[in-house]
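Input: structures, listed below.
Same chain, two partners: chain A is paired with chain B first, then with chain C.
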Partner chain A sequence: MKKSLRIYLPFVSNELKRQMAYKGAFYLFILISLFGSFISYYLWMAIYGSSDQAVIGGMSRNEMVVYVFMVYVTSSIVTISISDWVSDDVVKGTVAMNLIKPIDYRFSLISRALGDMIYRFLAPGVFIWIGLEIYKVTVLGMAPVTVGGVFLYLLSCVMSFLIYVLFDFCFGMIAFFTTYIFGLQLAKDALLSFLTGQLIPISFFPEAVQRIFDFLPFSSMVYTPVMIYLGKYTGETLWFMLLRQAAWVVILYVLGSLIWKKVTKRLVVLGG
Partner chain B sequence: MNTWKRYLRLYRILITQFLKTIMQSKVDFLMGLLGFFFNQILGIAFLYLVFEQIPSLQGWTLDQLIFIYGFAQIPRGIDHLFTDNIWLVAWRLVINGDFDRYMLRPMNIFFQVIAEKLQPDALGELLVGTILVVSSLSKGIVITDALHAALFVVSIFAGAVIYTSIKLFFAALAFWIKISGPFLQVAYEMADFAKYPTEIYAKGIRFLITWVIPFAFVAYLPASFFLKTGTSAWVIGVECGIAVVFWCIAYAVFNRGTHVYESAGN
Partner chain C sequence: MIEVNHISKDFVAPKKYPGLKGAIKGLFSNEKITKTAVDDISFTIEKGEIVGYIGSNGAGKSTTIKMMTGILTPTRGTCTVAGINPSQNRRENAQNIGVVFGQRTQLWWDLPLSESFTILKEIYNVSDEDFKEQMEFLNRVLELQEFFDRPVRTLSLGQRMRADLGAALLHNPKVLYLDEPTIGLDLVVKDNIRKAIKEINEKYQTTVILTTHDIGDIEELCSRIIMIDEGKKIYDGSLENLKDIYGTTKTVSMEVRSPEKVKELALHLPEILGVKEEDCRVTFHKENNVLGVTFDKHKLQVPQILSAVMDVMEIKDVQIQETELAEIVKEIYRHGMTEEEG
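Up next is the complex of A and B:
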């Protein structure tokens, strides 16, 4: 345990340092991704304005405001695309170096992602979160989130993070078969933004589709923590949701190991 | 006249070379196409789900919104197809010093930049846009007389020019600040606001996307002219005016930039 900490901690801190070095570009990207949140904010306000019901898809107008921005906070810390790094390593051939070192490649990637996650949590995640809480209490007149709620949300977020990176690792394995993963990544991002509930709460989907989603890992990535934050899950449902997340972590971990074994057998690296 | 002929011939030669590299990797081409296609289709799926809950969005019906959405993709796709190389000026070519090669050849520099690449990914956007617009025609919500048909072509062309101008302007900043990619990205992504009727936004945002970075004139405003909403034809006139003005500014800045360009050295 102590040994692996010594090995993988540098991956975490290096990534953190690397991110700190390119702050300028990073803040502009935050601005861009916030565009999306503001577009959906205004869109939802217009939608609620055009509806004769106060509650749509199980959400009130105020809850939707919280939903839109908490989705932003959650997805910014959870969706760390390690498949980018995998495809980079494969294209450049540096993946070979990772194979001969006495470290677990996947673990090193996840450690890097963890550094990224911490950075994104500190900037801008936590500030937008606090800002949203203040707005929520003063303007929307809703009750502030409880300490227990914050704890459960963060717990759920950590599992979401693991589900996402483990899934993305499996996805990144495609890089071993094609060099142009950019297009696929675009398709993945688009699909995920839909299936994880980033674009629209999953409660808006038809019943039958929701049943199918229950058997896929995607709703556990972003939707579950945000719903927990909103206090939509209580009692048994809450524990069931958390357990389901834990189950997905295990399943995707095992799946990733299997694929990795298969893929590294057929790997050919040119030059050195 | 001869210069035109020469440039057309050069364009054909350069693009043929580029197409050869694409033919080498057909899978990549298909995936890029798929990526952009998916991206757009899901935006429509979103609208469908929302309209399960409400009859209309501030007076707009689902069919109308889909037309606006589809219409917005066409000028975007055209610009994306032909001038994608401008992104490289913003991110790489200036800071690397690779821009040298354009300076050395006896050809128009802007022409060289765009003639180097066609972006086939854009076909995904064009495909979605065309499908949505054509399917809207059968729903009888679009005015289809000769005047509107002619202005449709004009508007798409002007829209593409506005896109190109905005891209060129922000990319040209790289001549002074070396990497202007992030700024270009911010400006470019603002186009997403114009996929929906701009009335839903706060005044500040509406002003910004109508007059400062005028994507509303590429998508929502001309689209509403083709819908039966009584928007005057002036909107297309203003769009063309903006296209000309923005193009002149962007091209002037780009030209000025090529004069201050200094290579990376070695």
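Up next is the complex of A and C:
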């Protein structure tokens, strides 16, 4: 097992190196998405400012500040779109080059995503996180996060990452049937920004909708780790949330294996 | 080493109709058309053979190769490579094979070439000693060191192809599939690639299967060729045999002194030699006074023609040409195999 995992290490380090080779594009990406976070920050501040309630949807104004920026940190390290790579491989026919090697295609993709995740965690994730902590303690006057809290948050993030990439792998498999999934990807991104709680915390949705979300994997992708970080889950609820994440990892893993088996049976390699 | 048994591959595609009206019709119709890319092909290849797998564009060569590498699953039939069924045990099979698709690269585009080799070393689980030895060998035959530290995307096509061949051979595979390995390369690089393939085959007894449109590749490398057309196997045998069956014509070119008599002679030559007109065709180039006679070598001999011509006029120079393999292959692609050999 140890040896078989070792062969995927180069994919991790490779993606890291590749990301560094295209620094410009990456910093642009950071700037644009950070810009989005500030928009949502000012929007929420306006909402809280004009409301006579101090707590909306179970969140105070200060918690909302933390929520907005922790969603940014979390989604930037979790949502690594491996379906882009899959559709690229399908369109260019390079999927064949992956299949001639004695490696598991899905593991190689996830390993690449892991490299990407590490890079995004180091730049800018961890800096914005630290910046937010300093702001939180000095300006907002909230208590700093505990060591245990950081640990639980990171644990939850790792599972979120796995849920996201395993889901995205299944999604990417559509490319084998339709070749192009660009339009579908846009739709997926739009839908996910809602369903994962990136745009609006899930606690703002009506009760009934929240119950439906409980049965979908999306809230486990971004919302759960951020809520854990905010200390909204305690005791039994906390363990339940972590277990639910673990369950989704297993379910999506099995689902991906089944789909992959089907796909390889009817695989068509484009371009000679 | 490789056994292919009645292998077939069908591709199913939705039926397309022409025009805008057709496009709308296509949205609602569920009709499918099946195209058989490979149709009931069987062959056996022994260890250490270099086999040329040839056929016109779209004949099904690459599809067969993809089934033998485990990328595609055959619709019918089975295939075994070194005792393993590639489509069922793709990863075990991948350990035994090396593949070069001439139009694609398996190297990491953004990284220096040396990195690609390090990654492949891990993927194929090559030991440090083997890696060192193999790299030395590959460096010698493919001269990789001159661009070893450059990113793959900056390599020229010739360098990239050498690098790709090296990458396919790093784990010393039992079987090497080369899908158009010399496509788009200049003569010198082509020659180097061929030499390298030959040397690898001799040193390790690697079985090589090669698809190509380059007749030079076949003449230099392959002892045996398998030819397919429209997914069916049409020839399997030695190169000499193919030449023997199809290379039935020869051409004698004679530079003559008295061009004015040529017209007269051309008209009567078949008659003089006692053969039908199609067995003895005459051409004449006015610019250099060269008279060419193309004839069936089973029906006529060179001296007969020479003496018939020399009876009428003086000859300055003579050249004899056998039909080239390229001509034979072209002829077969165009007309398919004749009945008796098919």
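We take it that the second predicted complex is superposed on the first by the 269 of 272 C-alpha atoms of A that agree within 3 Å, B and C clash if a C-alpha of one lies under 4 Å from a C-alpha of the other, contacts with A are read in each partner's own complex, and residues count from 1 in each chain.
By our rule, contacts are C-beta pairs under 8 Å (C-beta built on N, C-alpha and C of every residue); 3 or more make two chains touch, one makes a residue touch a chain.
Quick caveat: nothing in here was measured; it's all calculated off a predicted structure.
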{"item": "First, second, both or neither for A:Phe194, with chain B first and chain C second", "value": "first"}
{"item": "Partner chain in contact with A:Arg18 - chain B first, chain C second, else both or neither", "value": "second"}
{"item": "First, second, both or neither for A:Ile100, with chain B first and chain C second", "value": "second"}
{"item": "Touched partner set for A:Met45, first chain B, second chain C, both or neither", "value": "first"}
{"item": "Residues of chain A touched, compared between chain B and chain C (which is higher)", "value": "B"}
{"item": "Partner chain in contact with A:Phe215 - chain B first, chain C second, else both or neither", "value": "neither"}
{"item": "Partner chain B, residues of chain A touching it in the complex", "value": "24-25, 28-29, 31-32, 35-36, 38-39, 42-43, 45-47, 49-51, 53, 56-57, 178-187, 189-191, 193-194, 199-200, 204-206"}
{"item": "Residues on chain B engaged by chain A in the complex (per definition of touch)", "value": "25, 27-28, 30-36, 38-39, 42, 45-46, 49-50, 52-58, 121, 181-183, 185-186, 189-190, 192-193, 196, 200-202, 205"}
{"item": "Interface residues, chain C side, partner chain A - complex", "value": "11, 62, 66, 69-73, 90-92, 94-95, 97, 99, 101, 103-106, 108, 110-111, 115, 118-119, 122-125"}
{"item": "Interfacial residue positions of chain A with respect to chain C in the complex", "value": "3, 6-7, 9-11, 14, 17-18, 21-22, 93-94, 96-97, 99-104, 264-269, 271-272"}
